[in-house]
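By letter and in written order, the chains are A, B, C and D; residue numbering begins at 1 in each of them.
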Amino acid sequence: MMLADILTIILLLGGAFFFLAGTIGLLRFPDVYTRLHALTKADNVGLGLIVTGLAIQAQSWAAAGKLILIWLLVLLAGAGVSYLIANGALARGVAFWKR
Amino acid sequence: MSMLFFYALIGVGLFTLGLLALVVQPHLLQKILALNVMGSGVFLLLVALGGRSQPVVDVVPQAMVITGIVVAVSATAMALTLMLNLSRSSPGAQLPEDQSADS
Amino acid sequence: MQNLYIILALFLLLNLLAGMWRILKGPAAADRMLASQLFGTTAVAILLLLAQIESLMALRDVALVFALLAAITAIAFVRRNWPQEPDDAG
Amino acid sequence: MEAVGLWQSAFDLMLGFSLFGLAWRMLFCADLFKSIVLFITFGLLMAIAWVRLEAPDVALAEATIGAGLTGALLMSAFAKLRTLDNSLKSGQPLLPRPRLHVINFWIALLFTVLLTGGLAYAVLSLPSHSPGLSDAVMSQLDSSGVTHPVTAVLLNFRGYDTLLEMAVLLLSIQSVWSMAGMSDAGEVHTSPVLNVLIQLLSPVLILVSAYLLWVGAHAPGGAFQAGSILGAAGVLLVLSGRPLFNLKKSWLIRLMLVAGPAAFIALATLTLINEGQLLKYPVANAANYILLLETLATVSIGTTLLALFVGSQTEAVQQDQSHQ
């Protein structure tokens, strides 16, 4: 097994872990804002790690570039949408969680 | 190989589930969603059965399904317009038959 | 490697199904929207893994399209279904 | 690699049952907004199912339409519905139980179960191997002008399908306009973050649309997918509040709507006269004809989808003054 393969395995498992963390956060966190926080972990880090892991295996620079582009697009859309939803929830008076 | 038949059966299930909802559910938006699910069931059946020609998958059903998806979305837009127009004249977005069953 | 890819894809699919609970329970519309946003990202990851398994690079285009269009539904939700300015709703 | 097959089967089983379960929860739940979100998720899973069924072209079409346009359409229509019907508020169970008589419900259920059984029997009695038309497609692929079989079927072998499909799209926009009227797709208020998002996304969308159109000649992609992306780009601009165009006045829009069908009909007539058969291109020029048709079809499909989105939400023509 080559070094690249080992690196890929580590990165993919890390990505899967962050997706799991995001899902658990989505299910367990108490209000919209904290769930938003959990969601971005899967969006940004989880997909980022998986994309990096797969890019190592890619046949060409162009293929790796496309993978990175996909990740950047998800980042961009995720950031924008997160802001819009949080802002909208705030404007609409969705309650904060209080201990 | 048997996976194709599994997907085909799921397609059958989606079609009949959608049919049941189309008949039973009163709200027109639900009926529109039901029609879409029925369509998805048919598409799934077509493509799954087209996959039986191994090693090369039969692409004619796939081409038909691509056409079908675009037609389905335009039909959905039209149905939604109809629904909105109907709910302007009578509240509830339901067909007259369903409303009279209430009284 | 192939085994790892498909197991991870299955794992992500299970993740997605677990997240379905949030859509079913809500409570707010925003919660449901958030969950569907997460599903979009998960679907991108699943598609990329499947692309690697079947070495079918066209599937990356599908993932690309998903990444591009994931925002549209959420924007439609925020702009139309859930207007930011309360007096603007008409 | 026995284990891989096993895991793949597990994936397929999981996916299939979730599709069915999702459809069930979507269609039999009392909250319309929940149904819509579940429908969007259903579209996501369908796209993954197409991938598993070795139909990347269909996956691409499902992704462009299911992930973007249908969701936006349903969301907007539901918002409009809520302004018309005060009882609809998301988050609370709001729909009445099925109003059918209980006997009728059981009759419907019985018939559905019987139909499912019959259809399942019919499907299972099919032979497990059937060549279909794949041999015919593959043997003629060289003379089609493209190397991707799906595009060859859509634009050459069964070009009349696509011709009729363009006609259906044109009809649908006509009926939407006749029911709801045309309006300018303009709202004025914008949000700065959304503006930046749109400014970054829309050029990429148009670029990807062109890419899919071009790649369709030899790989999954083509006019339908490219057109849907173009339509999605327009929907994004409309949603962000750009006064994109004025449908009442613009002849350009009407021209773009009919460009695809018109080109198809013109070429169909030409080939009928010259070759004696509908849409039978001379082999030497087939690639050029297909590219021309696909480009115009992309423009028309994109414009139609955008106009459908805008048109389906405008006020009805006659009732503008009588209500509110």
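Operating definition for what follows: a residue touches a chain if its C-beta (ideal position, glycine included) is under 8 Å from a C-beta of that chain, and two chains touch if they have at least 3 such contacts.
On a predicted model such as this, the values are computed, not experimentally measured, just so you know.
**Student:** As a test of understanding: of all chains, whose mean C-alpha position lies farthest from that of chain D?
**Tutor:** That would be chain A.
**Student:** As a test of whether you follow the contact definition, which chain pair has the most C-beta contact pairs?
**Tutor:** B-D
**Student:** Between chain B and chain D, what's the gap in Å when you average each chain's C-alpha atoms?
**Tutor:** Measuring from centre to centre gives 13 Å for this pair.
**Student:** Report the inter-chain centroid distance for chain B and chain C in whole angstrom, where each centroid is the mean of the CA atoms.
**Tutor:** Those two chain centres are 22 Å apart.
**Student:** Quick one: which residues in chain D touch 2 or more of the other chains?
**Tutor:** Residue numbers touching two or more other chains: 8, 52, 54, 69, 78, 191, 194, 197, 201, 204.
**Student:** Could you say which residues in chain B touch two or more other chains, in rising order?
**Tutor:** none
**Student:** Which chain C residues touch at least two other chains?
**Tutor:** 28, 33, 35, 40, 64, 68, 70-71, 75, 82, 84-85
**Student:** Identify every two-chain combination in which the chains touch.
**Tutor:** Touching chain pairs, listed by label, are A-C, A-D, B-D, C-D.
**Student:** Could you list, by residue number, the parts of chain D that touch chain C in their complex?
**Tutor:** 1, 3-4, 7-8, 10-11, 14-15, 18, 22, 25, 31, 33-34, 37-38, 40-41, 44-45, 47-48, 51-52, 54, 56, 59-60, 63-64, 67-69, 71-72, 75-76, 78-79, 82-83, 90-91, 189, 191, 194, 197, 201, 204-205, 208, 212, 215, 219-221, 225, 229, 232, 235-236, 239-241
**Student:** Mind listing the chain C positions that touch chain D in their complex?
**Tutor:** My answer: residues 2-3, 6-7, 9-10, 13-14, 17, 20, 23-24, 26-29, 32-33, 35-36, 39-40, 43, 46-47, 50, 53-54, 56, 58-59, 61-62, 64-66, 68-73, 75-77, 79-82, 84-85, 88-90.
**Student:** Okay, in this complex, where on chain D does chain B touch?
**Tutor:** 8-9, 12-13, 16-17, 19-20, 23-24, 26-28, 32, 35-36, 39, 42, 46, 49-50, 52-55, 57-58, 61-62, 65-66, 69-70, 73-74, 77-78, 80-81, 84-85, 95-96, 98-101, 105, 108-109, 112-113, 115-116, 119-120, 123-124, 126-135, 137-138, 149-150, 153-154, 158, 161-162, 165, 168-169, 172-173, 175-176, 179-180, 222, 224, 227-228, 301, 304-305, 308-309, 311-313, 316, 319, 323
**Student:** Inside the complex, what are the residues of chain C that reach chain A?
**Tutor:** Per the stated touch rule, the residues are 1, 4-5, 8, 11-12, 15-16, 18-19, 21-22, 28, 30-31, 33-35, 37-38, 40-42, 44-45, 48-49, 52, 57, 60, 63-64, 67-68, 70-71, 74-75, 78, 82, 84-86.
**Student:** Residue numbers of chain A touching chain C in their complex, please.
**Tutor:** It comes out as residues 5, 8-9, 12-13, 15-16, 19-20, 22-23, 26-27, 32, 35-36, 39, 42-43, 46-47, 50-51, 54, 57, 63, 66-67, 69-71, 73-74, 77-78, 80-81, 84-85, 87-89, 91-92, 94.
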